[in-house]
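My questions will all concern the structure given below.
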Amino acid sequence: MFTVTVRDHLMIAHSLSGDAFGPAQRLHGATYLVDATFHRPELNGDNVVVDMALAAQEVRGIVADLSYRNLDEEPGFAGVNTTTEFLAKVVADRLADRIRDGALGPGAHGLTALTVRLHESHVAWADHHRPL
Amino acid sequence: MFTVTVRDHLMIAHSLSGDAFGPAQRLHGATYLVDATFHRPELNGDNVVVDMALAAQEVRGIVADLSYRNLDEEPGFAGVNTTTEFLAKVVADRLADRIRDGALGPGAHGLTALTVRLHESHVAWADHHRPL
Amino acid sequence: MFTVTVRDHLMIAHSLSGDAFGPAQRLHGATYLVDATFHRPELNGDNVVVDMALAAQEVRGIVADLSYRNLDEEPGFAGVNTTTEFLAKVVADRLADRIRDGALGPGAHGLTALTVRLHESHVAWADHHRPL
Amino acid sequence: MFTVTVRDHLMIAHSLSGDAFGPAQRLHGATYLVDATFHRPELNGDNVVVDMALAAQEVRGIVADLSYRNLDEEPGFAGVNTTTEFLAKVVADRLADRIRDGALGPGAHGLTALTVRLHESHVAWADHHRPL
Amino acid sequence: MFTVTVRDHLMIAHSLSGDAFGPAQRLHGATYLVDATFHRPELNGDNVVVDMALAAQEVRGIVADLSYRNLDEEPGFAGVNTTTEFLAKVVADRLADRIRDGALGPGAHGLTALTVRLHESHVAWADHHRPL
Amino acid sequence: MFTVTVRDHLMIAHSLSGDAFGPAQRLHGATYLVDATFHRPELNGDNVVVDMALAAQEVRGIVADLSYRNLDEEPGFAGVNTTTEFLAKVVADRLADRIRDGALGPGAHGLTALTVRLHESHVAWADHHRPL
């Protein structure tokens, strides 16, 4: 099994609903380091898991769409707790959609799974892993 | 599948028995960075894997119990090689006990596994993974 | 010359005014890693620059006061661009005030300067350095 | 399940063939951080996954054989794209050979798998995972 | 005193002349993480040291010009040992030229010095510091 | 001004005397990451600050002498608080002695200062800076 990972980051504002979140119920924000990992049982003809430049570009696009926003006011997230875990899933699902739409080229056919890790600080991070 | 990880650290003295340990047979010590990872197939109603503040607090408690000690003199570790691997298991097992005792709240019901990574330096670390 | 540094972090929302900030003019947020460095020409009688536990506790207090807030709505920052550089100065100045008020104990008399570094991501950070 | 990881690094020159590699088709180079992870279901009698000093020494040997070379001129890699993914496999396979030859001692009998991660920069890395 | 730092990276091939370089006399390569630090006594009207987006863009341009090349064949480096230290100076000097030419805007007038750090691995790095 | 830094690490046991140290008054231990920085106004004929391989080897020797020991029982440290700050000075002074004795070769003549940073964890570190 092989994987390739590319790192990017995004910066957003949001608040979280529920007593469990304590002071994070107030409007605040985060820098998320985003590690997107592509899984594949065997390398393709170029000896890669995926075209890393294309992969980085697609991650960049997804991250840019989310960046510099107040997620509390995004219609797509209305009534949703935009936790680190949830946002890892959002990035992974959007990336899966772009792969299915061919954005990573025909060489991406062999990809079998994605893992997206979001680091919210140097002491806390969350992963979402999903098949393709 | 989702995971959340929180990082803490502990500092201890110990020695290791067996020729394979070379100079580490002498009394020495280590700072261990502790990464505790909680696994769960689906997010709970708050859109989280676990209450991260509670999780960090329980890890803190376990780490504090071990910290600033000479493990060679701890009755619970008599005759035991307190290697990095072994201590990863100690932290994971104590954390599993606290979860079973409800310390992470009812929302922790859905947790299915734990991984504990202990970094002994910037060039060496060990993991223990166990079901819950 | 000796220094000691302790690291903490804070998470805030804010927006920045001025064309130069591009999309960061929108309400967004950041996780800042905070590295507070204490300078002293010679060690004190305990062979330390400063009581590190007290230092970490005071940094924690300053960071907690700023955390989980929308800085755009803080009266103390009205009309101010709360850039990374500016916030590094805020943390340094508040820390200097606490040192002058004795919060780090009599052993902190010999401190001569502070440096505060705020990392806004893995690829960007800012420092403020000031005498005491 | 337990793992132990040791980190080393290597520096090489190479070029990559295929339009997908863009400017990396030119002769260039890389520093690869190498993380070699040893998997084992249970600890051995010394409470370790593997003799970490021996493991680090074998990784060092494999890394030294590859280091400070132009991989384009290595007969063993003729006509091969020496991508990060491919080199992760090279390191893993060579390590597996050494383990099978007894280089990590009889205590290495219980190892069941290897993962080798090569970081090509702070924003990109690749893994290869294989059974033993 | 304030500073702002932006990080980027470059990948090159080269060889180093002189017995002191041992195996690095052979053609090999490196990934350099590049940390460019801008110094300024006081913040400008936007409360920044420099327009960070412009700064990152100029560093990107300088890094791209050097990237994916065999430095042994670059006419500008003929007969020169392109050590980490030397390359730190190259990046700093090119950045100083761009600042002098106005690439960072009028707001960059107040910059007084640059530091460029190149990391050649996780265990070795070099800095060059120069006035503006 | 140029600098070069090499990183190594050491693992020791010790205890610290004085109420200010709280639980660290008990016998415990630490892993210290050691960053040794060599300063020089101009590069030498090889375009380096110092022979990095020799520098790493001397740092290795100093670190090995301190490693895997209980510092409380080292005659040279009798009655001394072996704090992170103090140990940074020990490493720096020993390195200065070796440089004066010619261990880094004639090319080290031009070195003007040393900085030694010891990281005791991911959230705390200390520096000592001294002239040569």
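In this document, chain identifiers A, B, C, D, E and F correspond to the written order of the chains, with residue numbering beginning at 1 in each.
Definition applied: a residue touches a chain if its C-beta (ideal position, glycine included) is under 8 Å from a C-beta of that chain, and two chains touch if they have at least 3 such contacts.
The structure presented is a predicted model; accordingly, all values stated were derived computationally and were not measured.
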Max Cα-centre separation from subunit B goes to chain E
Here subunit A maps onto subunit D under a C-alpha rotation whose angle in degrees, rounded to the nearest 5, is 120
Interface repeat test, C-F vs D-E, A-C or A-B, passes over-half contact pair overlap for A-B
If chain centres are mean C-alpha positions, then the most distant from subunit A is chain F
Rounded to the nearest Å, the gap between Cα centres of subunit E and subunit F is 27
Between the Cα centroids of subunit C and subunit D the separation in whole angstrom comes to 41
Going by residue number, subunit C touches two or more other chains at 7, 122-123
In their shared complex, subunit B is touched by residues of subunit F numbered 7, 9, 11-14, 23-24, 26-33, 67-70, 120-123
Subunit E partner, complex, touching residues on subunit C are 16, 18, 20-22, 80-86, 88-89, 122-130
Contacts from subunit D onto subunit B in the complex sit at residues 1-8, 43, 46-49, 51-54, 56, 105, 107
